[in-house]
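In what comes next, chain A is part of two complexes: it sits with chain B in the first one and with chain C in the second one.
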Partner chain A sequence: MYNKQRERVFMLMILPAFIGFMILFIAPTAMSFFYSLTNWSVYNSTLEFVGLENFKLLFQDKKTVAAITNTIKYALLITIFQNVIAILLAVFLNKKTAGMNFVKSLVFLPAVLSILVVGFLFQYIMTSADYGLLNNIIQFFGGEPVNWLGNPKIALYSVLATQVWQWAGWSMVIYIANLKSIDSSLYEAADIDGAGPIRKFFSVTLPLLYPAVSFNILMSLIGGMKVFDVIFAMTKGGPGYATETIMTTMIREGFNSGRNAYASALAVVFFIAVFILSRIVITFLNRWERKIS
Partner chain B sequence: MKKKAVTLLICMLMFATILAGCSGETKGSSEKSEDGVVKLRMMGYNPESTRATYLKYLDEQLPNVDIEFEFVALDNFNNVLNSQLQAGEGPDIIEVGGETKLLAKANYLLDLTSKEFTSKYTDSGLKPYSVDDKVYATPLQSWFEGIFYNKAIFKENNIEVPKTWDEFIAISKELSDKGIKPQIMGAQSWEPMMKQSIGLVNNEFYADEESKNFDEAFNEGEAKLAEEWLPAVKEWSRVIEEGILTEEMLGLSYDQALDQFATGKAAMWESGPWAVETIMEKNPDIELGMFPIPGKEEGDGWLIGGPGSALAINAKSEHIDEAVKVLEITATEEAQEALVKDNAGSSFLEGMAVDLGEIYEDSEGAFKAGNVYAPWTAVWTSGNPIVEAYGKSLQEVLAGVKTVEEALKDADDVNENLRNTLK
Partner chain C sequence: MSKKKLIKKPIFLLGLLFISTVVFLPIYYLIVTTFKTPAEAAANPLGLPTSLNFSNYINALEAMNYLQALKNNLIITVVAVVFLVFFASMAAYVIARSKKKIFRVMYSIFLVGLIIPFQIAIVPLYQIISGLHLMNTHMGVILVSVFCINLPLSIFLLRGFINTVPIELEEAAFMDGCGTFRCFWVIIFPLLKPIISTVVILNTLAIWNDFLTPLLFLQSPEKQVLLQEVYKNVGPFATNWTAFFPMLVMSTLPLVIFYIFMQKRVIEGVVAGSVKG
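For the complex of A and B:
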């Protein structure tokens, strides 16, 4: 009885935060579901129900569909690259030799910078102007200059590369923390069984990295789906629509064009896409967990 | 039990604080301060430095009004303004541009038609800010954009300022044959190609009497860019076909293009007076000139531009009388001179001439003929999103994925979509 009462008091303690959460998150989310079914616009004084009209328009608009595919492509690729690189870095840098801490912090350093700073910096490194650093290096070795941010076929991958560079170190730190917790006796046992380094990685290290892998994959997947600031700093969605993502489209349509209902519909699609994608990944990860435990 | 009561009290207190935070600031700003000075909020997307002399002048003229200038960069301006207006807390005086008609239609702006000072402006200055013959804002000085050129490079190569579009292409090719980049462009932004091509549309299409009603019909969805503008834009696209604009320029930002032009790596660059200060900072020795975009036949040429922005009054402002006073003073020659001082441009006050200086000598003919026009800010209802779509598609034209006709169709589509949205 006493416990129940105490629980009730605790519930009351979280009430302010809960109300804030309701007002600032749940309510707006529910509202955008509602508005996606209307003709709402800042410049429109009468609110009417239009049913699924906005969703129909959305999937008819090639630009928006391209933005959705770009986002999914970006999110999947960044998840793969960022984590593969981070795991490799973590395994190689998880040693106690002199200077290793310095190397580790060097790899981690970009994560400290603001995304906008990194974006503007790389805009200068990757520019096609005569002083573009990257092209100067390529030309020094006798290659042809590449139009990193101006070629619609390459631009998205150029942006992606900067983000992998920036965040791989971040994931690496989480992997290293996890690696430290792996019992060294397992490696000794593997040694006795005569396992080589590759076998040891796949049979001992990777399965036991499960907690860090699942956390990192989900984080980079959701982060990738939400990508906005780096695109804003580096390409503004261009050239043409080659690097538009769901977020940039949402801001363009919702705020610049005043098509608020349309942007709400896109937000709903986004919500569903993130939900489904993360569900798939979680199911996949759970199956993996069951297999190793 | 006592403990529980205390906890409950704390919870309620916290809750009350949250609520207080929500509703705290709705009042207060409307009350006059003790010495009778009224605070007016003016929100603009041109930085305070471009309005400094003007604001000082207002201060002297209106001792009992304290104008608080609030700068919000254009990237965010509509976003911030719209949410404030929707919450009923907008600024008293608003600097407006292309979205004026939409704001006016949604009843956010005060009708200025009957005010005396409104009639002091020329019609071309008021037209962009009128809906159904009612005026909702009065124009500040004009903005214009032409082609900057490096006089030294032109002189060294014995090149004259081009009078026709063919000459423009010819001198560009002559320069590139000599190993000089004729024109640089920060095509990573969708704006410059859009503007330059409309420069040719001004020459070939809008200069024609018969095209006078096009913009209105376009607003109504009865006329299409892909039909009417196509010949002019096709003509412009020769700069892409002839290799004067290249794909590399899609990787250049505005600042990077400015830098290349200022340091003499390119002979021409399209922009407006706002860039002059930065160019001079980078290269104080540069000999700068600007010529208007030439048409197929010899003439004065056209600049892209129009009323830069205008001042409107929030219809729900609590200090409408004071705000009207500000606009009244703005409609005097002194105030206009103060405005032009920090931001070069011509004035729309009837009978007022402004000397712009040496750089713009080559454009004088165009100014005298009144050849300054930008349809998307002047008449189009949803101008900005339409030209954005058009400009972005032109980037794809430069990248070789789309044709000029498809780019114009994209702009038509956006117009159609927005018309449906705003019905």
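For the complex of A and C:
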């Protein structure tokens, strides 16, 4: 079965995908690394090596440094909030009551909408103008209106809240699938031992959710690092540079300002940040896995 | 015990009501606002509209170039998803079935794309797409969506599934003189239906809702997709948001309809994608 003829056909079958991937992913990724060491920009006709000059510039630029810290802060926070809420939703909604499937489908629905559309919708809901729905509701209950997107101290968290709203349902369905695979005899045993619902959650449910937790955490972390569309729709990086992220800075510098080498250097920093953060998280997850097994 | 259940039930229902409200309120607000005038919406933001007034939709349709953009969205999504299924299934089959080292190496190169966000590549990618004279073409966006963004996950999912398909079937066909290529399309591919539907669903959601790729690679108005049409109209409608909301509704409507009819499939697909990943 494994003759030369077959291997040749195999090669023909895999090559279209492989060549496309090399040209459109591997090559530009490698070029980003290369360009980060040059002075490439639309204003330069000659390409020269400048060593780590771009990185030096990048870390001297307050705005860019803020973008990097905002992105890391955002990614870590969305990972925590999205997953805590999704686990609570999953535990709460994983019952065989009538209409439960409808509620689950409803909670998942925001994930079908485009991030840009959700961003625009919430920009109007959170606006401090008279028609801002959120402030209208707060005032209806006797609270003080809040400048959700205009206050640099809270703008990033407002944006974050919309994304938790949008993606918690996505994580939830993955947690529910995992919950379904947990053997119910374990809960019966815990009942016999007299464990309360909270004890049962921490001693039985959470450890057995490990596969879904580790998957969801890595997905939200990497997804959070890439945040772009929602910022673009809601705040454009402002007020000041309170919601500037790596991606918004990269698009601005690389496409609008033509500072390609600078944008490439930021791409390299982006890569390093994703790599380090996911390494740290994986280490923690592994330690947790060893503790529970 | 029965007493406990009695107390628990209303609290549980209240919880359900709370969750549903938090999730649905923004969507409800989006929909009812499309039928109101700005004055009506400001006076009574959450009330039902006094009449089913479609003039906001008619104005949005005129401002938006809707049908053209919808067509562009459909072309890009359908062609990209077909390409993904076609190229990824063949590649995954080779990776799953051959023990040759070169294919292992290729697979580990594909896997790099699962870990590294594609955004790292976008600035040079722009150069490559212009170099290939694909700037401002649907094919450019399709190729980027397929090969730069979505291919690795599709190959990964398909490979995992093909590993569970028994090899005996192919061996029998092979003995009967069926060639490798035909053997794949005639025998294996039809067996991949469950995972193909996952790949189709995940990629349809991702490609339809992608804003960054069309934003960077499609400039001429007649080539643009729905989200670009929405984005283009933010400025002009900054003060008249009741006229802007129908655009938001109409740009996501096709996917929402797709979801309403396929809920179970979509959710299963997301779960399958994560369990394998």
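Throughout what follows, the second predicted complex is superposed on the first by the 281 of 293 C-alpha atoms of A that agree within 3 Å, B and C clash if a C-alpha of one lies under 4 Å from a C-alpha of the other, contacts with A are read in each partner's own complex, and residues count from 1 in each chain.
Simple rule for what comes next: contacts are C-beta pairs under 8 Å (C-beta built on N, C-alpha and C of every residue); 3 or more make two chains touch, one makes a residue touch a chain.
Treat the numbers as computed from the prediction; the structure is a model and nothing was measured.
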Which of chain B and chain C A:263 touches, first, second, both or neither: second
Contacts of A:252 with chain B and chain C, given as first, second, both or neither: first
First (chain B), second (chain C), both or neither touched by A:170: second
Partner chain(s) touched by A:89 [first = chain B, second = chain C, both, neither]: second
Which of chain B and chain C A:20 touches, first, second, both or neither: both
Partner chain(s) touched by A:214 [first = chain B, second = chain C, both, neither]: neither
First, second, both or neither for A:114, with chain B first and chain C second: second
Contacts of A:35 with chain B and chain C, given as first, second, both or neither: second
Touched partner set for A:203, first chain B, second chain C, both or neither: neither
Dominant toucher of chain A (residue count), chain B or chain C: C
Residues of chain A that lie at the interface with chain B and also at the interface with chain C: 5, 9, 12-13, 16, 20, 124, 130, 255
Residue ranges of chain C in contact with chain A within the complex: 15-16, 19-20, 22-24, 26-27, 29-30, 38, 41-42, 45-46, 87-88, 90-91, 93-95, 97-100, 103, 106, 109-110, 112-113, 115-128, 143-144, 146-148, 151-152, 155, 171, 174, 179-181, 184, 205, 208-209, 211-212, 216, 227, 230-231, 234, 241, 244-245, 248, 251-252, 255-256, 258-259, 263, 266-267, 270-271, 274-275, 277
Parts of chain B lying in touch with chain A, wherever the complex brings them together: 4, 7-8, 11, 14-15, 18, 78-79, 82, 85-86, 99, 102-103, 105-107, 187-190, 247-253, 256, 259-260, 265, 382, 384-385, 388-389, 392-393, 395-396, 398-399, 401-402, 414, 417-418, 421-423
Residue numbers on chain A that touch chain B, as the complex places them: 5, 9, 12-13, 15-16, 19-20, 39, 41-45, 57, 61, 63, 123-124, 126-130, 132, 145, 147-152, 235-241, 252, 255-259, 261-262
Interface residues, chain A side, partner chain C - complex: 1-2, 5-7, 9-14, 16-18, 20-29, 31-32, 35, 89, 92-93, 103-117, 120-122, 124-125, 130-131, 133, 136, 165, 169-170, 173-174, 177, 211-212, 215-216, 219, 222, 225-226, 228-229, 232, 247, 250-251, 254-255, 260, 263-264, 267-268, 270-271, 274, 278
